[in-house]
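Shared between the two complexes below is chain A, which pairs with chain B and chain C, respectively.
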Partner chain A sequence: MSARKKTLLKVIVLGDLGVGKTSLMQQFVNKKFSHQYKATIGADFLTKDLTIDNKTVSLQIWDTAGQERFQSLGVAFYRGADCCVLCYDVTNEKSLNNLSSWKDEFLVQSNVSNPQDFPFIIIGNKIDVDESKKIPSLQKKLLNITNNQLGGLNYPLFETSAKDSINVETAFENVARMALQQEELNGASRNDMNDDYHDAINIHLENDNSGCAC
Partner chain B sequence: MISDDKPLGRPPMLQSKKSTHSFLSSTAGLNPASFLGTDATTAVTLASSDQAEIAIFEEGLGLAKTTLSRSSRSVSPQPSFMVLPPQLALDPLPFVELLHDFVNTSIAKTDDTYKGSKPFNILTETEEDIDESYLEEKVHISKKGEGFTAKLKQFFILSSAGKPIYSMNGDDDVLLGYSGLITTIVASFEDGTDLLFRSISQNGFRMVVMNKSPLILVAISRVSYELMLDLKLLESQLSSVYNYLLAVLSAPVITKSFHNRMNYDLRRVLSAQDLKTLDILTSMLTFGFSDTTDDENKSYTVDPSMFISSLLDDAVQCARLSSTLRAKLDDIFVSCKRLKVNLPQSEATPFLQGKLYTLETTKLLASDLLFAFLIYDNKIVSHLHPKTHCLENKDISTLLLMLSQLSPAGESKNVQEEPDLWFPICLARFNDSGFLHCYVRHLHLPNLSRPLTLLLLSGNKNSFFEMKQSANYIFAKICKSKTLSSSLPEELAQGYLPLTSVLKTPQVKHFIYKRRKANQYIMDPLTFSKDTFENIVDSMFILYLYTALSSSKSEEVRVGASMKKLTYTRWHLKEGFTGFLLADEKYELYCLCKGFVTSLVLIEQSLRIVNWCENYRKRLFIGPGVQF
Partner chain C sequence: MAPKRRPEMSQVSSNGHNEFVFGEKGGRGKNLLSFLKNLSLTGPLLNSHKNDNSEEINRNINSSIYGEMTYGYTSPDTGGLILPKAAASLKGKRLSLLSFFPYGLSKIDTTDGSGTQSNNGGSSRLASPLFRHATNSMSALEASLRPSSRKSGFTDLDDDWDAQIDDVDPEVAPVVLKPVARSSTNDMIDLLHPDLMAFAPSLRISVERKPSQRHPSRDRALMDSHDRQAEQEVRFLNQMLTKLTKFQNILLKNDGTIDLHELRKLSWNGVPAELRASVWQLLVGYLPANKSRQASNLMRKRSEYAEGLKNVSTQILFKDDNVISSTANSSAASVPGGRDSNNRDNSVNKDKALYHQIKIDVKRTNPSMPLYSLAATQQSLKKILYLWAVRHPASGYVQGINDLCTPFYQIFLGNYIWQLQRKAAHKTGAPDDSPLFIPGILDDNDTQEQLILEDPKLMTYTAENFDPSRISDRVTAIIEADTYWCLARLLENITDNYINEQPGIHRQVSDLRNLILKIDPELLQHFEAEGIEFIQFLFRWMNCLLMREVSVGLIIRMWDTYLSETPLGFNLFHVYVCAAFLIKFSAELKEKDFQDILLFLQNPPTANWTEKDIEVMLSEAFIWQSLYVNKGAHLR
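Entry: the complex of A and B
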């Protein structure tokens, strides 16, 4: 009975200003990289089809602005997302530390039903830069953030370079796969409303003319 | 000669505006009841009302140039035809004078000489020619991504998360972006202001939004005639689309689907047929035609009535039928409701099996029947409803839409081959949380190109066999009745005769007449006999003219107790057209004339239409239908 073509997944990309969210998108969708920095205003919408395990999925990617003044755009962005991508910049420690507040912000705004199962992934961008510029003892700090904190960010992590196109495709394939799994889980856990056509309409007709026929 | 007083850019037409004070002075002190004679003309005698479909005003046409009243007075009936008593057919002189005054003033303000016409594009009000490739590019529904932005009309159904559910045009690739954008605009506005987002209008562009969380419905129009009116037209279109969605899903199903998972993709519960019906609905609502191409044959259905219905506040169309025939059909409905059948032995309830009591062996066959319709050619012939419940017109339209998609009428002439239809439908204005169950069967009457369709709506999903038996009973009654079996096909076929020729109003090319109270209308039957492309353009042209007429500034005139609304418009298009609108609290008449018609002719002919329609309103309109 279904007219479904492709599975449609809404993916939100969050992270501090300048970590390279838009560049990641551009690399992933258009295979392009620009050295020029242009702040995103509000949000960009990009679409990309992927094939995951013989299934075609359409990713509707909501590339949000990192600037704080746009965070009030809120609910409309977060509502009904299938997966959330948290981005940081491997050269910017603050962006790493902010990941968990991005996550909290997302959970508050999106109001997802079971936050513990919601698919997140983490992307650390700009790995092409000189080792010297990277956050000192990054691995240890990462471990701290993902495992040791209360309510930690125990999510798959990908280190990418939007500039050199390293790992970008892989990261998003994982995004799609996780979202798809979640989607199927949800689909399986509830049978799609077979009962609803049984809702009867109750109308009490004052049927007073039944008596006159006898 | 183009009046540019409105921001949206008007067509090259000359509008009439000003009132003259002499109107008022000439109407002072008149007896309100005498105007138009609408009350008086109800005196149709029952005995004669059945004999003729139409009263013919034999000599009315070639008559007096000086006073209209005289021309009406000299109407003489054809012997066997029913006509009004002459003095009642009269329009009171002052009102006629007043109309003349109005029209003459209007004409004086316009330029009487016909300017000739440049090619005029009714869709965009430019000079761009409309040809087939133009329609292909701008009008026809296309599910391709390329050319998406060229379309003049868009409809979207989105989820609040910004996922597309339905779109008139475009493919997923273009839609995903636009869906996100629209959702963001709407949500950001509403979150920030606590106001509802209704519309954005700009020169030649309008976007109207209906937020039915968890769904957002959007209409975007660049069609000139849709922009002439206020938001109401597009909002009514959106609610038709929403009503259809509810009809197949019902409100609780939609709410439950999104409950706790805003990312739900509603497309998985919509069938391909639903999406196709939405295409037909959106195209019909906008352009008055739809693509009904099947596997092999490219074909289009041209029918402006859906647009006209939303232009007239959802008025529905009735089939013309003499009141005795209609009463006979109504009686059959009512008797069906009272019909008792014997219970099978096993189901019979032993009722105190003593000596004094017998078995309860009968039951009411149609006890679950709530609403019944007889439909011919998408027009209501007869309608049954409970005393306590009525269906709104929007629901009736949705029902008819569903019906036209589920059982294309007239395809098979062989009754044996046609299956009974039984489907659930949620009539949202009636009750948006449950389903009624609809039984459908066609009856092929001799000499009719289309079948008469019976709809029986039951509140009980297990009542299929009862409904089937009821249908058997109703059809048997119709076929057994001598009057019905002979006169019904004849009268229904007469519905295709152009009224303007029957009424002898040669100058009026087409008219629509609406009774306000019942919210029902009739219109002169349209014949589209040319090639498909021309039919489509003609249909859109009619929509353009009627919309322009109803959006033109009108003159309010008090005649006694009633306010009359008058609009007179001319269009320098093609051969030139004149439009005339006459309305009061009872009726609305819209007429279109070819060329520039003199006030004398225009007024005489339109009043004749009004009188005729009021006089025969029992056969033209079914009113609320029959109750049980």
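Entry: the complex of A and C
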């Protein structure tokens, strides 16, 4: 395995503005949190190396801007993606309702070969806030959105706090796994090992209390 | 075009340094610095004025700049360009370099008959502070070029320009060769202009007016540091004072109308901090050049802003942090018919969403500067941005416009503080500066103004350490209105950048790519080999006008030049500036792979940049614009 080149995995992070995409990425990549991030313009590029099942992968992450006006840029950033992270803010219902339009937008612009089973992952950020500020009956609404808008595909779901560093690492380990499977599926670096694509981590919302069920 | 035609100017680049070699046949030209040095040898003898009166000296300096004869310069208004070939045929190719300094070097006195092209004049004299300014930029450029010129690898490098330097003034050359840009600049000026020290006594008075701080690293090893420091300070003050006088002359000229053409020429090379607010307002077309119309025009515009705000704040109460639609429920209920009330609800929801977005972004505008974390500042920015967005529905609020708002706000706030300081100083005997004030801001009946005037720390305040909540509502509204209108003027120039699909930005990106293809094809090739798309890093450069890449202080200097360009430089000229910015890092970028290129360009190393770096960049941009503008074929 030593002689093999590092596998590059391209990950796109999407979601409404202000849900904490940049904070999540800074927490994951640089292990820090700040209140001082400026609004992302276009997209920021980050990289992080991870070891997944003894395999070193390099994540190339595009942390995109949340404003709708920038969506026409997608083509330049989404192409060749191996995984897409859809983010919402657990205190902002609109950001939750927009998840499916972000997904659709991504599929239209990225032109992926397998839209039906392309790996998406959902992250609800800001769980550190007071319970009273959270979206009322969040789980029910999420379930509703998954079934009715996201095609009932039960994408893995994580609830995180970029501020308190809760679940961020776990979520992105999953991102890396899913991206790796997608990348291998695409045959860019196929090896003869039959991968376990069909055992993809499917985390069902019904079993999901803490927000992370891995 | 004949395929094998050689360029008239070659740009050679290596290890992050760029070098321009001018000449008819692509490279057999003169080195820029040697040209400037030659030019510096041609001014009249300043030390013939044995007069300590600095005004007198300034007048003399002015007369020496604005002589009857001009050459080598044509106004950008007329679209005229001096290309190396044309200039060479007129006055020898050296003159073509004037295009580097569109305004500062535009006119050179030749009436004393000393011969402007003499390059062996033993007595070097300073022609003007602007010339010095230009020389500063040049030698900074020179200093950065120098190391690369020592390396081999250029095939068409002018082979005689080293000789040229030594030829001109053997004293100067070794100094220029030193690696520290600042010290080499100073040393060169020391050597060239020893008589400047004669200005020292008359300059002391200007200390309190020092418009900006510049403390770059200095090479003190060569001189007694104390003397050196004093000399540098004097020189700097002299430079500033002379510049200030020139601006004052234009602004106070007694014929009722300010000469905007002259003002642009001067401002291109930087505006003194004290006068920046009024100069910017003039350049952007907000403050009328006709002085008799200034007060009434401003009053009208300011009340228009207040009216506009009153109309929109029926939906949004800016005072409250939460969006409250004060009239939404009641008015919706009062309108008969469900459809109508639905529409109203929709529009209220849209307003809410817009306000939510602006609120989020204002909170994270310039987070590293204390001024922008103050509630009063954020309140003002929210109002300005919200009103602009509502009034310009084709684009609406787009992230990044919040950044563009800040230089105006900061400058106008600073201007109010300056006016108060001058007013207080006038009471204790300082000259009356009120003719330089933007009309309608100060008011003796303003009680909050009186309180600030009595503040013993007044003289220490700047826009960066003053809490705008101390300002009266009246003045707050004025600062907001002025910011609003200037922002609106700026954005008028780049409307296409923010409307749906942002076609302006895509055009700029493609123009810049084509420009790089001309200027630095190897860089383009490298980017393509690595799979870099220009939009991936350029989008932000265009959307925020480099405000994310360069500090606000330097952006303000850049805007002096942008605002002096006609049309305003935020659209076309900005592309050339971005090209200069990118090419500055060309050599480093060529060594990097995809990941590292993007990471580098996302966070380019500009933290230690000074105004000089910006000025070199602007000069490079000016050259490229001169070469490629109006030549659609080059860019498309």
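Note that the second predicted complex is superposed on the first by the 177 of 214 C-alpha atoms of A that agree within 3 Å, B and C clash if a C-alpha of one lies under 4 Å from a C-alpha of the other, contacts with A are read in each partner's own complex, and residues count from 1 in each chain.
Here is the rule we use: a contact is a pair of C-beta atoms (placed from the backbone, for glycine too) under 8 Å apart; a residue touches a chain by one contact, two chains touch by 3 or more.
The shown structure was predicted, so the numbers you read here are calculated from the model rather than taken from an experiment.
Visitor: Which partner chains sit in contact with A:Gln60 here, chain B, chain C, both or neither? Use first/second/both/neither.
Guide: In the superposition, A:Gln60 contacts both chain B and chain C.
Visitor: Which holds for A:Phe77: it touches chain B only (first), chain C only (second), both, or neither?
Guide: both
Visitor: Does chain B (first) or chain C (second) touch A:Gln36, or do both, or does neither?
Guide: So A:Gln36 only meets chain C here.
Visitor: Is A:Leu17 touching the first partner chain B, the second partner chain C, both, or neither of them?
Guide: In the superposition, A:Leu17 touches chain C alone.
Visitor: More residues of chain A in touch with chain C or with chain B?
Guide: Chain A has more residues touched by B than by the other partner.
Visitor: Once the shared chain is lined up, is A:Thr7 touching chain B (first), chain C (second), both, or neither of them?
Guide: So A:Thr7 only meets chain B here.
Visitor: Using the touch definition from the top, say if A:Thr47 reaches chain B (first), chain C (second), both or neither.
Guide: A:Thr47: touches chain B and chain C.
Visitor: Report for A:Asn186: first if it touches chain B alone, second if chain C alone, otherwise both or neither.
Guide: In the superposition, A:Asn186 contacts chain B only.
Visitor: Across the two complexes, find the residues of chain A that touch chain B and also touch chain C.
Guide: Shared contact residues on chain A: 42-43, 45, 47, 58, 60, 72-73, 76-77.
Visitor: Quick one: in the complex, what on chain C touches chain A?
Guide: Interface residues on the chain C side: 353, 357, 360-361, 364-368, 396, 398-400, 402-403, 498, 500-502, 533, 535-536, 539-540, 543-544, 548, 595, 598-599, 602.
Visitor: What residues on chain A touch chain C, complex-wise?
Guide: Counting only chain A, the residues touching chain C are 17-18, 35-45, 47, 58, 60, 65, 67, 69-70, 72-73, 76-77, 94.
Visitor: Which residues of chain A touch chain B in their complex?
Guide: Within the complex, chain A touches chain B at residues 1-10, 42-43, 45-47, 49, 58, 60, 62, 72-77, 79-82, 110-113, 183, 186, 192-193, 196-203, 205-207, 209-210, 213.
Visitor: Spell out the residues on chain B that touch chain A in their complex, using ranges where they run on.
Guide: Going by the criterion above, the answer is residues 159-164, 172-173, 176-177, 179-181, 183-184, 186-188, 191-192, 250, 252-253, 256-257, 260-265, 267-272, 274-275, 338, 340, 364, 367, 370, 386-389, 424, 431, 433-436, 459-461, 628.
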